[in-house]
Structures are given as C-alpha cells and as structure tokens.
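Each structure below appears as structure tokens.
Two complexes, one shared chain (chain A), two partners (chain B, chain C).
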Partner chain A sequence: MRDAVSTDGLLVQEMSTGFGKTQVLHGVTLGVEPGETLVLFGPSGAGKTVLLRAIAGLDPNAVGRVFIAGRDVSMVGPERRGIGVAFQNFALYPHMSAMENIASPLHARKLPEAEIAEKVGRIARLLKIDHVLAQQPRALSNGQKQRTALARALVGAPKVLLMDDPLRNVDAKLRYEMRMELPRLLRQAGAASIYVTQDYREAMALGDRIAVLIEGHIVQLDAPEQVYAAPASVAVARLFGDPPLNLLPCTPKVTGDGLTVRLFGLDLALPMAAGIAGRDALLGLRPESIGILGAPAPGAARATLTAATPLHGKVVLLLRTPEGEEILASQVGQPPETGSTVWFRPAPETALLYDAASGLLTLHAGATTEEAA
Partner chain B sequence: MLELDHLSKTYGRSSLRAVNDLTLRVNDGEFIALLGSSGCGKTSTLRMIAGFEAVTEGRIALSGRRIDGLAPARRRVAMAFEGYALYPPLTVEDNIGFGLSSKPGLDARQRVRELADLLEIGAILKRKPAGLSGGQQQRASLARALARDAELHLLDEPMGQLEPQLRAILRGRVKALTKARGLTSVLVTHDQTEANAMADRIAVMEGGILQQYGTPAELHEQPANLFVATFFGEPPMNALPAIVDGDGLRLEGDTAARVSLAGLPLPPPGTSVVLGLRPHAVILGQGDWRATVISNHWLGDEAHVALDMNGRLIIAVAHNRVQAQTGSVIPLGFSSRDLHLFDAATGRALLHGSRVASPLSSRT
Partner chain C sequence: MAWRDGVLRALRGIALTLVVIFFLFPIFWIFLMSFETNETVLRVPPTLTPHLTLENYVALLSGQLVTATGVMNITFLHNLWNSVLLSTCSVAVALILGVPAAYAFARFRFRGREDIAFTLLSFRFAPPLLVLLPLTLYFQDIGLSNTYVGLIWIYQLICLPLILWIVRGYFEDASPDIEFAYRVDGHSWWRAFTRIAIPLAGPGIAAAGLLSFIFAWNNFVFALVLASADKQPVTVGALAFVTASGIQYGIIAAAIVLSVLPTLALALYAQRWLVEGLSLGAVKG
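Showing the complex of A and B:
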C-alpha cells in the first residue's frame, strides 16, 4: 500500500461521516495521482457513494480533510473545488439540450462562447455524442445520457473526477465499449479519478489500483491483479471473482518445515505461515485452479458433478464430495456429464489461507513460492 | 407441459403490444428462462401465466388444461416473485410449509428442512419476515415456491439480491433440485448469466416479440438474428458492417480489410452484411488484419483486449495472458468456422461458420 502521494493529485485524510448514530465511514485515507484511476470497489451499503459525496463537499457531516493539488479544500464549497462528478442517475438538467448540459460548468465560469463551443465539441466527439448535442435528455438513450453526464464532468478539465457506477444502467454492449475506451480517455484527461463499481471485472479493467471498501473501512488497496491473486480478507474474497473463491474450513498442522491441511481425504502441503497451525482456518481455492480429471490420480479426490452451468465461454462445475462438501470449479470446453463421478485436483501451490476468527489472509502460497524461486 | 399459443397483451387503449403473438412450449420437467431487458415483454408474459393480467389474445394451457380464464389460485402454479410477499405473521418455516401439511404421504417438516438447508436459511426458520434482509426474504420466497408440488414453478428474478458467491452455488443447487424432482420451471430474468447457468432453453424477447428459443449453446453458436447475437454473450459479439466482394468480404469503408472466404456459401456480391465475431473467436497475433491495441487487461482468469481497427472497436478474449502493449499494432484474424454473417437490412442470420442459417427464427 502506498501511503504518500505526490502533492499534484487528490489526497483524502481521515474521512469520517454518518447518519444520526450510524457511522458510515471510519477514517478513510487515500491518495490518487493525476492521470491515475482508483477504483472504489465494495458491496452495496459499504459507503462508496457516501465517500464520493464527502470528497465532493456535498456532505455537511463529513469530518476529514481533502487536498487537491496540494491545496486544502476542506472548507471550500463543492462548486469551487474543481471536481467533476458523474453520478449513476445521470442528473442531467431536463430542460436543457445535451449541449447546454455539457456546457453548464463552463458557463458558470463565464468563458467566452466560442471557447465553450470548441471545448464541448471536442469532448462530444471523443465520447461519440456529437450527433445528439441538440437533443434534450428525454430523447437520449441511457447510454447517451450517461456519456453526456460524463462529458459534463470532463469538459472543464477538472483536477479530480468522481464517477459513481456510471455504466451500471447501460446495456452490455456499450458497457464493454466504454470499459475498453474509458482508460484511454481518463489518462488523456489527466485528472485524479475515483471510479465506483460493484463489478469486479470492471474494477480490474478500469483501475490502476483498487480500494476495497467494506463497512466504511478500506480493507485492501492494491493493484488489480494483486487483489485477485490474494484478497486480503474472506469478505474481499467472496466479492472478487466469478465464480468466486472456494473457502473450505480446515485446521492446518505443522509438518516438517511447512503446513499440511487435510481436505477431501488429501493431505495438501502448504508453505509455513506463522500463528495459524492448530487454529480454525479457511482454505481459499480459485475455481479455475482446480483440475478436473476423468480417472483417479495422485493428489486428486473423488466427487459427483452436481451441476454444470455455462458462464461466458467457461463452464462452472458444482462438485459434491462423498462427505458432502461442495466445491466450485471452472474450465474451458465440454464438461463431464451431470451426475457422473469425477476426480478433482486442488492446487495448493496457489492456495490462500485465512484465519477463520479474524477473516484475514495469513498465507498466499503462490507469493511464497515466487519469492523462493 | 405449458403451452402459450399466439399470446398477445395490450394495455388500455394502446395499440402497442407488450407481448406480440408469442408461441412457446415448455416440456414437462424442463427449466426455461424468459430473458430480455426491461420492457421486452417477459414480465407481462409471466403475469399472464400467473393470472395477474388478463390475456388480450391467444391461450395458455397447462398439462392440457386451459388456464387463462382461471383465478391465479386455481392454476396449480407456484411462484417466487420479487413483490410476492411472505405472510408477515408467519415464521419463515410456516411460510415455506404453508399448505403442505394437508398433503397425504408427504413429510412436510422434512421437505421444509431440506429446502431451508439447500438455500442456506436453516438458521432463520423461526424468525418472522419483517426482520430479515432482502436476500433472506428472497430465499424464503424461493423455498416456499419450490416446496410446493405445482405443475409449474414461476421464478421471477429469484436471486437478484444475493451476494455473488452464494448465488453461484445456489444456481447449481436449485437447478439440480428441479431436475431431481422433475419440476417444470420458468425463470424470468434480465441477467443472461443467470439464464445461461440455469435454463435448459432460453427464450430471448425484445419489443414483445420472441427473438429466439433455444439451448444456451444454440443461442451462442447459431443466433437467429443480429439482436440475439449482440445481446447474448459477454463480452458482446463484435459486429462489423461489410459488403460481399467476390469470394470474400470487404469491411465497409475500408478497402484494406478484405477477407477471403472461398468455399463458403456467401450471398451475391454487393450484398450488405454484418460480420459477427465472438470475442473468444478473435485470434490475436496472426491473421490478415492489423489493429492497434487500446487496452489489454488480465482479469484473473481471462484477458480482455480492446483493439482499434481503422476506427472500429474490436474486443477479444483469451484464456491466457496476451503479450501486447497498449499502442502497438498487432495482426489479428479468425477462423472461418467461427464467423457469423447477418443480412444488414433485416438482421437475419445468413451463415454460422460454413453452415447456412436455418430460415426459422425460432423453435417451439
């Protein structure tokens, strides 16, 4: 985790807020560099939108400090912070054309008309809405509304850009197109951007880094691949991946210079980790790391294939062991017949081990192996 | 068997058909999904089957018995609805078991217990609905529907409020349960992942009209039209306007990007078509085309690569990491057996690989 940020970007320090007696944010601190996109990821109710509103200056109860380009704006009104916002419900002015909506932050700054027209035209072409600029919002499709809101947020070249799940209400086609094109757009814009989503794939595609917010706490702040490879807690693991990580109760034992976990009648060897031997633990296995075999083999356990469900070019297999444990595996290609007996091989090399009591990650076998190699 | 025959629905004096001449069969023991975005007509269809809406035209029969004139309670249909509330004064256990205890030869308590375990709500059986989370209420409602011995089970977005991990497991369990008990089920959803995961066949609806009815594999491999092709599948199919040019295709507005498709039964030269390529079918690193890499993301178990080919966006998915830097120009191509060809004017499918598309747009 990076603690210090350069003074050019956005720095949020010890941000807390709540409604009545319920505290929603617990001292959130994070920094975003200019041109960087930080994805704020978490389940509904985690406080993601609340945090954006606090940064934007829209939450009168918020306690904490916000620095933009080194300047403390905590006491500055929302419209004077130099922040562009694009929220999920578009929030366009219904009586204005798309053109006027996009131009509104520039009119507020009293720029010359010619300059406004030039800036609006440029951003509209970039977002492919230049052909609908004369339309009012009700005549626009959801995708066009969303891009209009984004254009309005970007047009004033803000130093900070806040986006609250802007692709949530658009169809899959546009969502993917925007997911692919937004990173380039945001890099060009050069703003320190925070992007909220509940979709882990979107988080991985758009984020230079991902901050995972759960119950008002940032529980992990890492590069996307690191969050996927080693979710910091059971709560993060449950949200990150589709199909999600298997989490299997076990009790690790010390064997030689490592740990052993007994599951499915197999002894799975793991590298040593301090403080987890003899305690209740959860072994995390990614579905795609579980090999499916048609015949018995060393290191493989027997199971029945309960269901095979297709998922975007893959097949998700729900396996049930004779002891009644359920495991999700995923593979590419034709699955075995439902109801048939299969053998599955868990891969301890990439396994994760969580402390059941705290829910925290205590061992990432893959990282240990890489360091040793 | 559930039979919908030439079913239509209009509201008030509007001539707009929310459901337009829908004919569909669901075989005994089959699990189907009505899939579409909001306003496609799936919910109106569901409400007509359940008896909450009058049928404007057409008929509905269940097990050979016409039901469209019957009161909902007399249709022998069990329902799990988003707004179909649990009885507030009853515990979850009594809600699930409601109406079961009078059945001879059925151990009602046993069945309630099994369903509660299956849906992970065993711990809240003694509680009343008011104190439960949305996800718990949803599972209690689903358990109540599945507990009943009905001739048809209607499930309306039954898992929308559950967290992803639970949803992934419950999809498999519920599918296995409906197969074990031979339940005939209709799932209504806007979520293609859910439909794909659970249904034997999927009916894709748009604008009140059935676009295609087929297995997930059929929808994927032989989409009947451009709508189904670009709606079903994630990421969506790449759709590239093109013109038939001799024994190949020339991409519209791009003389350089020609592909030879010798041996395929192409339409006459000059025909405007749309070339469809699934992201998984795009081959990176070899082929006749050149494109600039816009982005390249490894999402943990697959790579999503976006490319710009003369102003056209192409999305490719690979199951291994792709070594291609943003901004670099790389070759790409596809195997002709993976292409789809659509009539640009009507959207109708012409070719799937080397096979000529069936003229029937749907199958009942």
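Showing the complex of A and C:
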C-alpha cells in the first residue's frame, strides 16, 4: 500500500472514529495526489461516509491527522479546510435558489458580486444547469439537484473534493451520462478527489486508484484493473464484479506440475506459491474466464445449463455439475438452450486462490513480498 | 356515482356545519352579550331581538363604569397592556433560551440529554398550584413578588417546554447534512445556525411561539397569586367585574372580545409563517 506523503494533495493518517463503543474506522491511512481521483469502494456500513466526514472535519470524534496541500488541518474547522463536498442526499439549501446554493462558497469568501456571478455562470454552463439557476431546489429534478450540488462543491476550486456517492439517487440514464462526464470534470478541477461508491463499475470507470474499505479497514488500495484482476481478499472478490466470481472450496496439493487442485473431476495446475498446499482454500473463478463448449474437450467438465440471464450486454449462465455444484459463467452472444448439456473449461491461469482461514489472496509463485504488504 | 357523490358531499357539509356551530356558538353568544346591558343579558327567557348597545365597550375604554350602586373605576386597558407586555416578553425570553436549547437537544449527544429534556417537559404536567405557595414565599424573600420580571420568569414554566419540544422536532427533521454543507462552504458555525438551521425550523418556531403566546396570554393562576392590581393581566383583571352589586356579564363579554383580538391578530399574521414543507425537496427526493 502506498502511503508516501503527498505534499500537494490530501493525506489522511491513522484516521479512527466511532460512535459510542462501536469503532467505525480503524486507523485509515491514504494519500491522494492533486488531479487524482481515488475511489473509496465498499459495502454499505463499511465507514465510507464516516471517513469523508472525518476528512471534512465534520466528525468531532475523529482521531487522526489530515493534511491538505502539506498543511495540517486536523485541528481546523470544516469552514477553514478548503474542501468541496458533494453529499449523497445533495444537501441543498431549500430556502435559496440554485444560484445562491452554488454561490455559497464564494459568498463565504466575500468575493465581489460580479466575480461570483461570473464563476457561478461558468460552472453552471459546464454542468448544463444554467437555465434553472433562478429556481429553488424543490423545483429541480433529481438530476438537476445533483448537478447543483456538484457545482457548489466545484465552484470554489477546492484543493480537495469529496463526493459521497453522488450518482446514487439519480436515474440510470443520468448516471451513465455523468459517469462519462465526471472524469473530464474532475481532471479540469485538478483537486485531489475522493469518490465514494458501492458500484464496482463506477469505481472502475472513475478511479485512478481504488481503495476498498471493509469494516473500517482499507483492505486493498490499487489500480482498478489490479483490484479486479487480483482482489486482495475473499470479501473484496465477492464485492467486486457482477456477476460475482465463483468461489469453490478446494484443497491444493503439490504434484509434479507444481500446485494443483482437483475440481469437477479436473486437475487444474495453478501458478501460485506452494505454501498453501494441504490447507483449506477457495478457488476464485471469474465467470468470464470460464469457457463454454458444445462438445467434450480436454480440460472441460460436463454440466447442465439451468438458467441464462442477459446482463450488461453479456449473458450470465448458471451451470450445474453432475455433483450438484453451481457455477456462474458469462459469455457474449447467443447462449445454448436452457436444460441442455454443455462443457465448461475453467482457465486456471487467471484463477485466484484464497486461504479459507484468513480469506487472503495467495500470491503467484514469482510475486515479490513487497506487493504483499 | 354522481348522485352518491352529491349525497356524500351534502352529508359532509351538514356534519361540518354542526361541528362549526357547536364550537363557535359560545363565542358568538359572548360576542352578542358584549353588546347588551346586564339587564337584557339576565332576562329570562332571553330576548331573541337583541338590544344592541356600545356602553360596555365605552365603559372599558373610558375606564368608568356607572352602575346602580355608583361609579366604578376600571383598569381594563392597563390590564390589557400588562397582558401584552407579559406574554410578549415571556415568549421572547423563551425563544432566546429555548431555540438554541432545542437545537442542542436535537443535534448534540451529551450526558443526561433525555433526562433534562424530560424534566423541562414535566413542568407542563406538574400542577401549578403545587409550586405556587412555596414560590410565593421565595418571591417575597428575593423581592420578585409583584414584579414583571418575576412573572416573566414564572411564565417560562409555560413557554419554555412548549418551544423546546416543538422546535426540537423541527430541528431533528432537517438533515444535518444541509448545515454541514454550509459549513464546508466556508461559513462559521454561528452562520450555519442562523442562516440554515433557524430558517429551516422557521415554521416550527412560529408555531411554538404563537402557541406559547396563547398559553401565556390565557394564564390565570400564576398572575392571580403573584401579581397585585397594577401588574395583573386581563385574565385576572376580569375578576374585578364580579362586583358587590352583581356580576357584570356584559362588561365581561366585552372584555373577552377585546382581549381575544391581539391573539387573533397575531395568529392571522403568523399564519403565513406556519406554512410547512419549506424543507421538502432539500435532500433526495
């Protein structure tokens, strides 16, 4: 995990907080460079919003240090941190117009009215809400509210931008649009951005890096492709991917081919380090790494196709082996007939192997220990 | 269907009329009485054609009531002024103390929060007479007996719990994120409180203020015991019309009509602040 001190961006050190006796964050440390977007990904209740609040200075129980552009702001109130926040529930001021909402950070700095109008106009045009500036929040659609909230967070050109799942409450079409627009907007803003989401696709689309937060711990902090290709633990693997990856209990052993597991009557040679041999393990197979064949072939096992569901341009296939195990596979194009017999071939080279006891990923034999830290 | 709708609407209209008559008739009767002399009021059976006269109002406003037994001085206008002063100041003090307290109860967690809030509420259901006697003695000792300050202080027992509990609910209903957003924008805590929290709880503050004004205005027993003639509000002042020569019903009715007017005017004025739903649409829809 990288935790080098970034002097220009945001650095959070050993952030812990809780409510009463419940500890919500356990010493979270992370850094975000200016212009970088770090996606904070995790299930609900993991502490994502709590972490954002702690960074913004809104959590009086927070213990830990926050540096913004090299300045220690741990003891500074939220109004003096120079942060832009887009709240999940928009948190617009209901008694002010959209214009006044967006202008609020500029009014706080007592800028001249002409400059405020100019800046608000520019950000409103960028977010395509310049035609609704005179309206009050209640007259805005959800999409316009969300854009107004985003405009308010961006208008003051903050050094740090925190976005708490801003696309959660907008419809699918707008979410898709914003997913396309946001990276450009964030790059223009040049802020060190943290973007909270529970949607792994959004995380992949927006994040320069992804921090996976589970139960108040950062369990993985990596490039999006890396988190997808090698989730650091079973918990991350379960969250990251739709359809979820297959996790199959197995006991690897060392044979002449190196480490192998026996599953579905197949011997699968794995590229992992042999240390896990003889212990209970879980083999993770991405649905898209399972090839579907119409006829028997070497390295393929027999199964019955019990269901096929279209999902995001793919078809998800539910397979049942003669032993009664259920496997998810996905493919592009017309699926075989439901109820027919198919053969599936797992690709052991992209498989993931987890220690069943610790839930942690077993590394490839050649991997260095540095990456494991 | 149209036929049944019509019948239902007619029945609803009749029911509403009955309810309105039931509740408004006493007020109408008092209003009528205020324009009659004591003799016509007390006539049995009552005359259906009223002999309207303005002499009750003239007596109240001029301060002189001429009766069979002689001329009686009336301090009604001074009592009315006392009522206005006591109620206004009590509500003002209760708002200044109660609104920030309600905010604290709604937003902050501290030891004994619910206990303190409940104790304040319990002032409302403790019988006033129970505390009045010791209070009278204490007030005499510390020189607060028969002073406006003392009465306004005691009126907090009426106003403060009402304001605290009503306004607290309104603060709790508003998302704290809205205030957080305002602070993150760069505004101080105090500005977030005055520019965001208070306007959003505005309807609640108006409702609580109006309600506690009415309760303070209608209070009788505290003022009866703790105030003498020159500090008495109208509620107690009306006792003066129970005279040796009989109860002055006409005057009392006129006094009631006049003393209802300020609260009525305030309620009509405050109505536009009582509009709810200002906070709707602020957070996710």
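Everything below uses one rule, namely that the second predicted complex is superposed on the first by the 358 of 373 C-alpha atoms of A that agree within 3 Å, B and C clash if a C-alpha of one lies under 4 Å from a C-alpha of the other, contacts with A are read in each partner's own complex, and residues count from 1 in each chain.
Definition applied: a residue touches a chain if its C-beta (ideal position, glycine included) is under 8 Å from a C-beta of that chain, and two chains touch if they have at least 3 such contacts.
If you're wondering where the values come from, they're calculated on a predicted model, not measured in any experiment.
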Overlay on chain A: chain C relative to chain B, clash or fit: fit
Partner chain in contact with A:Asp242 - chain B first, chain C second, else both or neither: first
Which of chain B and chain C A:Pro310 touches, first, second, both or neither: first
Touched partner set for A:Pro94, first chain B, second chain C, both or neither: second
First (chain B), second (chain C), both or neither touched by A:Phe344: neither
Touching partner for A:Ala108 - first (chain B), second (chain C), both, neither: second
Contacts of A:Phe264 with chain B and chain C, given as first, second, both or neither: neither
Partner chain(s) touched by A:Tyr195 [first = chain B, second = chain C, both, neither]: neither
Partner chain in contact with A:Gly84 - chain B first, chain C second, else both or neither: second
First, second, both or neither for A:Tyr354, with chain B first and chain C second: neither
Chain B versus chain C - smallest C-alpha distance in the overlay, whole Å: 10
Overlap of chain C and chain B interfaces on chain A (superposed complexes): none
Touching residues (chain side chain A, partner chain B) in the complex: 43, 171-173, 176-177, 179-181, 183-184, 201, 204-205, 224-225, 228-229, 238-239, 241-245, 286, 288, 306-307, 309-314, 316, 318, 326, 328, 330, 332, 338
Chain A partner contacts - residues on chain C that touch it in the complex: 175, 177-178, 180-189, 196, 199-200, 278-285
Chain A-touching residues of chain B, taken from the complex the two chains share: 37, 163-165, 168-169, 171-173, 175-176, 179, 192-193, 196-198, 216-217, 230-231, 233-236, 280, 294-295, 297-302, 304, 306, 313, 315, 317, 319
Chain A to chain C touching residues, read off their complex: 53, 56, 58, 77-85, 87-95, 104-105, 107-109, 136-140, 142, 145, 149, 152, 156, 169
